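In what comes next, chain A is part of two complexes: it sits with chain B in the first one and with chain C in the second one.
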Partner chain A sequence: MARGTAPASSSTASSWMQRPSVRWTALLLLLVVLVLAPLQLSEFTNQTLARIGVFAVAVLGLNVVMGYTGQVSLGQIFFLGLGAYVTAYGVTNGWNVVLTFALACLIPAVAGLLVALAAARLGGLAIAMVTVALPIVGVPLAKRLSDFTGGSEGMSTSFATSPPGSGLFDDQFQLYVVLVIGGIVFLLTRSLVRGKYGRAFAIVKGNEAVASSMGISPYRYKVLAFTIASLIGGVSGFLYMLVIQYTSPETMSFGHSINLVAAMVIGGSASIVGSILGGLYYVLVPQLTNAVDPSLTALLQGAILLVVLFLLPGGLVSLPRALTRGRRRSSAARGPAAPPTIPSSTTGSGTATEEKETERQGHA
Partner chain B sequence: MGKFVQLVVDGLSTGSIYGAIALAIVLVNQATGLINFAQGGMAVLAAYVAWWLTTHSVPLIFAILLSILFSFVLGAVVERWLMRRFERGDPDTAVVVTIGLLTLITGICGWLFTYNNQQFPSLFPLGTVSFLGVHISIRSIGTTLVIVVAMVLLQVLFVGTKLGLALRAVAINPQSAAFSGLPVGRLLMVGWGLAAALGAVAGALVAPQLTLTPGMLDTALVYALAAVILGGLTSPIGVVVAAWIIGVLENLAAVYIDFIGFDLKVAVPFILIFVVLIVRPQGLFGRKTVVRV
Partner chain C sequence: MNSHLRVRTAVRVVAGASALALMLAGCGGNSGNGGRSGDAAKGAPSPGITDTTLTLGITTPLSGATAGPGTCTVAGVKAYFGAKNAAGGVKFGDGKTRTVEIKALDDTYDPQKAKANYDQLKGDVFAMTAGLGTPTNRAWRQAAIADKVPQVLIMTGDPIFSDPKQSPWQLGFVPKYQNEGEAMGKLLATATGSHKVAILSQNDDYGKGYVEGFKSGIKGKDNISVVKELTYEATDTSVDAQITELASSGADVFFNAMSVTPLMISSLQKAQQLNWKPSWFLPSNTSSPGAILTPGGAAAYPGIYSVAFSKAPQSPAFAADPDVVEYLAALKQYGDYQDPPAFPHCQWSWMVGATLEQAFKKMTDPTRDSFMKALRSIKDYQAPLMLPDTSVNTSKDGQPAVSTVVVQKFNGKGYETVTEFK
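Moving on to the complex of A and B:
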């Protein structure tokens, strides 16, 4: 369901944020910050931001198939890897950058289409377990096809040097490219999931039988969602190569793939803002845990994941709503003046009410 | 010929390990409808407990039995204090919780016992037996037999006892089970405990061969998942048979098909899945699920 597509503004407490003038000003302000910030920030911050952008796009792709259409895909990282390899191969062989970008989108999309044609026949969790195969088989396959992939050593290319005369450093230029391409992908995806196709995805997720009775073929929309997700994965692969400039079979390992799924759920499933939060989580948490103690990385990551989901089963994106609910509940407890509204009944089970809320929002 | 038989027997033995974990996954899935990605991780933790006990001069067999008991408790605790909160919610979130649990357990194993390989003593002697001129390792036969016995015991429990009947009732319809007075929560804990205990058996059996590391069963988990799809989520026997098929086929393909070799043998079960699922989407032995609207 199209939850939280409007950043944080869904809570009733902050209704002034829903005024068009306020929202446009905020958007404009954000745009100005995004344009100016790369010039001011340090190289390390810029690179980190660019990496967050890369993985936010990857998480967004996963969200299309998993969050919006409800098909668990554990293979999204494979399409990122494929896109990165296509980019690396194209750049090493001196292809035109635009052509390389087009191929880095197209080849993963075609691969995704082929996988989906078979996988979408399955229902429920079986599709999850078929998509597991992609990273599992992808890693040894990439090692084997060393003529194209450079084998275990991987490939490194740097092609995003800032154009002469622009006065930009490489890291600033890369961040701008990520912002522009990522921004376009986010905008396109936002209109996709809010329009006719998004509603079809939602009904396929909700109930396939109802979908077919309405003339919406679950099979075709699952294939479509999976293909779009693969295409977005390819875009993120291109950006990955642009920013990180190195790819190896390890890029698409199973561990990375499930981390991506974790990032999506932590950020917030079926949410555009949640995808950005997912990218933040994917990049920043390992940096944080590494800084604390490298030998405890896995332990801390697992613990953080569990704690976040325990407190916010709807992901980080549901934080504002959870906060307002908490506030309302405490104010209702404080005085009898508070009107006997719904919040008093929400004390029961958090997950159930949350689902109801999202549903209401999605159909509004 | 001798090599072929040896490969088949070894395949059956690794297949049994995959089968045990796959069966644990099916147990949990039948009871709660979710896939537990931490099943392998929990088994590794159990193997570490057994290993730790042996280094404190507990005899191996008792160490393994204690680790199985520990796993049963661990499974029940995880169900009660962690998974219960997510069981009725979004299934995607529940799956990711088990992924988080896997990461956490791997981290705990690495933190407590380091990421270095540890030698786990084998329950069976290292020798081979000759049978009609074919050498077969005792360990492979032993592993297969132990897993078969564990599965028969489990089957007896489910079909022949009152507890098994209650567990099945909860799996089929938790609400009706609750209405007829069954303690659904406690039975779910037992279900998770049994699954974890089965995993612990598999962990103890495979640890000598793979040497003990926190990520020891990560690949086994993938094979187990493959067996689960291939056999069909609704059929415990089908899952085990599928695991054996996978174990044998990947062994044979690695040796006899040049292109596949040892690095790409992991692709074998998935190629198999692809072919099977296009013909039979419900898996080899699964029932077709009919959705009532």
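Moving on to the complex of A and C:
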């Protein structure tokens, strides 16, 4: 079914790309590059890549709730901040790192669940209004609870020193940790949004009434998406602490939350690759504008944002499609603005129809 | 697609990749552990310095809400060394003459970006300096210690940067919040009549530091009593409620440790509406005559007191002062700052340049070590633009480079130094 939507004219080139052996080789190559690159690159490049990883994960979390499920969330930075604070507190008090990591995922997830239980009862943009409150409450809260958060002076911890005997520099070790944790989160999320939950999210996003009529509770799936987004936000907070090694109330400021939303839209809404591009945007554009003229960064960033939105409404991830649009006649189902709710390029998606059948029964 | 086959392929891919990774990790391993810096031979030049140039790095907010003072922190030091470079350069303690270049990056007051800027600069610059902001400087404090990169003469009143035990590679420039608060408290303590004091402070280390200093300044004075103390949050958009409550206390002195410009203006206006007219004590960064006192209608009050250590270039009293004339000309020509400076940070940054030059003159080796030793040995240096009775002292334990301030009273246009409270 999904294969059928692929353009008939997609001749040798794209079908060659679809071949499993080619895909696996490409994947293997990518893995090798990811493993080797940190050893060869400069310290600053590694640190930048690690930062991109941190914010790619944060954008990915936002994508789950906003891109895939269509619920506007302006509070993602709160969960990043919460994860960072939990990590900082755990490390400062000498907790086991694995336990700290688990808590840095769990506590934001629980917080997200509690917020979502209330917020998801509201319809449409009311959720956005509730999520706006999170960073606005978070900043003074972090200042007030100075016993846990260090107040407005923030908390510094450097716990990710490379293990003795590994022969790695700290920046290389940190990048590897980010790659491993971030990679796992990305793979899990990819499976999530491509499976039955992903399809449920897409239907909730598309039309809640239709979702209800199919036995998919919009409320439950909104809460689920929001909780997962918070959990992923917590993971990114852990990575934030690992790479940046400092958190303060400033981390949670509302402006950064808006920047995350902008990064998600620019990278590509409802897209796994788009989340990585969003992370790239979040980290690299300030560096780029700094290189052009440090006193005009805000202006230049605004200009870049507008240019991307005008030229690529589907985000950077739609760039290849936009480039080949002239040469290929894309079918209506795969228009650039249509979110790829049912991914058509996966090797395993041939079974999509049957899976949808079972899912419908499962929720009846 | 056969799922069996997929699993097998996946296993093979992962196995192959891990084997490769292990192999390569073994070959490509580095001998060193931890950070990459600090392995240079003793006495070898540090990064960012050659026989003819020295590069300084700055990360500071150049856009966003704090861009005004942030831009100043770059402009002053850029102007100072721009003028020096044009005159041939700075003569260093090792006998060589070098020009001093500035690399400044915008961090938008975001600690994360400040750390990124530091990571970007640290390999190319000799020292980091002049950056504004407590969280943005704290974000890379530990990294700077680990990398042994000087983070000196920065614009934050946070005491941690002036504690050599905790911060061996750091030194703050501006007075700590406590220094300022204490100076104001001591002035009030010179009063002979009895006074009732109301205190409003920002609920964070900034407000607490000021109040702590102020209270230690009036300690032991029975004729001065604190009748009411309230706080507000830095994120609050209005403090009308607090002002109303404080007004009802009948205090005749109001110590307002507030760092938010619009709130300060509205509190000056609100108190007038309530017909509450005490004498005000204000922190140095929210007492600008042009930006705060005039729009706030400060002329209605019997006295507005603040602290300072730099001459105000706008003040008619200093219009012909040679320091001020030279500074304003350089700021325009080399600092890319066309307007008359709206924030004292421009002047402070100029003094940072002068203080750095003192250290450069004393350092005997082109190393960061030698620079830090030289920087920590400056005594009673009267930097240009400094007010009488203030000086740069870098060897006082636990104190920033400038720890003395004088209290000044608003005279309708600018400030005048006063020695007693009337």
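Just so it is clear, the second predicted complex is superposed on the first by the 311 of 364 C-alpha atoms of A that agree within 3 Å, B and C clash if a C-alpha of one lies under 4 Å from a C-alpha of the other, contacts with A are read in each partner's own complex, and residues count from 1 in each chain.
Keep in mind that, in the parts below, a contact is a pair of C-beta atoms (placed from the backbone, for glycine too) under 8 Å apart; a residue touches a chain by one contact, two chains touch by 3 or more.
All values reported here derive from a predicted model rather than from experimental measurement.
Contact with chain C, but none with chain B, is seen for A:Gln287 once the two complexes are overlaid on the shared chain.
Shared-chain residue A:Leu187: touches no atom of chain B or chain C.
Once chain A of one complex is fitted onto chain A of the other, the partner contacts of A:Ile136 extend to both chain B and chain C. When the shared chain is aligned, no partner comes close enough to touch A:Val33: not chain B, not chain C. By the touch criterion defined above, A:Leu145 lies against neither chain B nor chain C after alignment on the C-alpha atoms of chain A. Contacts of A:Thr297 after superposition on the shared chain: both chain B and chain C are touched.
Once the two complexes are overlaid on the shared chain, A:Thr251 sits against chain C while remaining clear of chain B. The residues of chain A shared by its contacts with chain B and with chain C are 136, 140, 143-144, 295-299. Looking at the complex, you find that chain C touches chain A at residues 1, 6, 9, 13, 16-17, 20-21, 24-25, 28-36, 62-64, 71, 104-106, 108-113, 115-117, 119-120, 123, 134-136, 138-143, 146, 158, 160, 203-206, 233-235, 336.
By the touch rule above, chain B contacts chain A in their complex via residues 29, 35, 37, 82, 85-86, 88-93, 95-97, 99-108, 110-111, 214, 218, 222, 225-226, 228-229, 233, 263-264, 266-267, 270, 273-274, 277-278, 281, 283, 289, 291, 293. Contact residues of chain A toward chain B in the complex are 66-67, 70, 72, 118, 121-123, 125-126, 128-130, 132-133, 136-137, 140-141, 143-144, 207-210, 213, 254, 258, 261-262, 265-266, 269, 295-303, 305-306, 309-310, 313, 349, 351-352, 355.
By the touch criterion given at the top, residues 20, 24, 27-28, 31-32, 35-36, 39-40, 43-44, 47-48, 51, 136, 139-140, 143-144, 151-154, 156, 158, 161-162, 164, 166-171, 240, 244-251, 253, 255-256, 283, 286-287, 289-290, 294-299, 347-348, 350 of chain A touch chain C in their complex.
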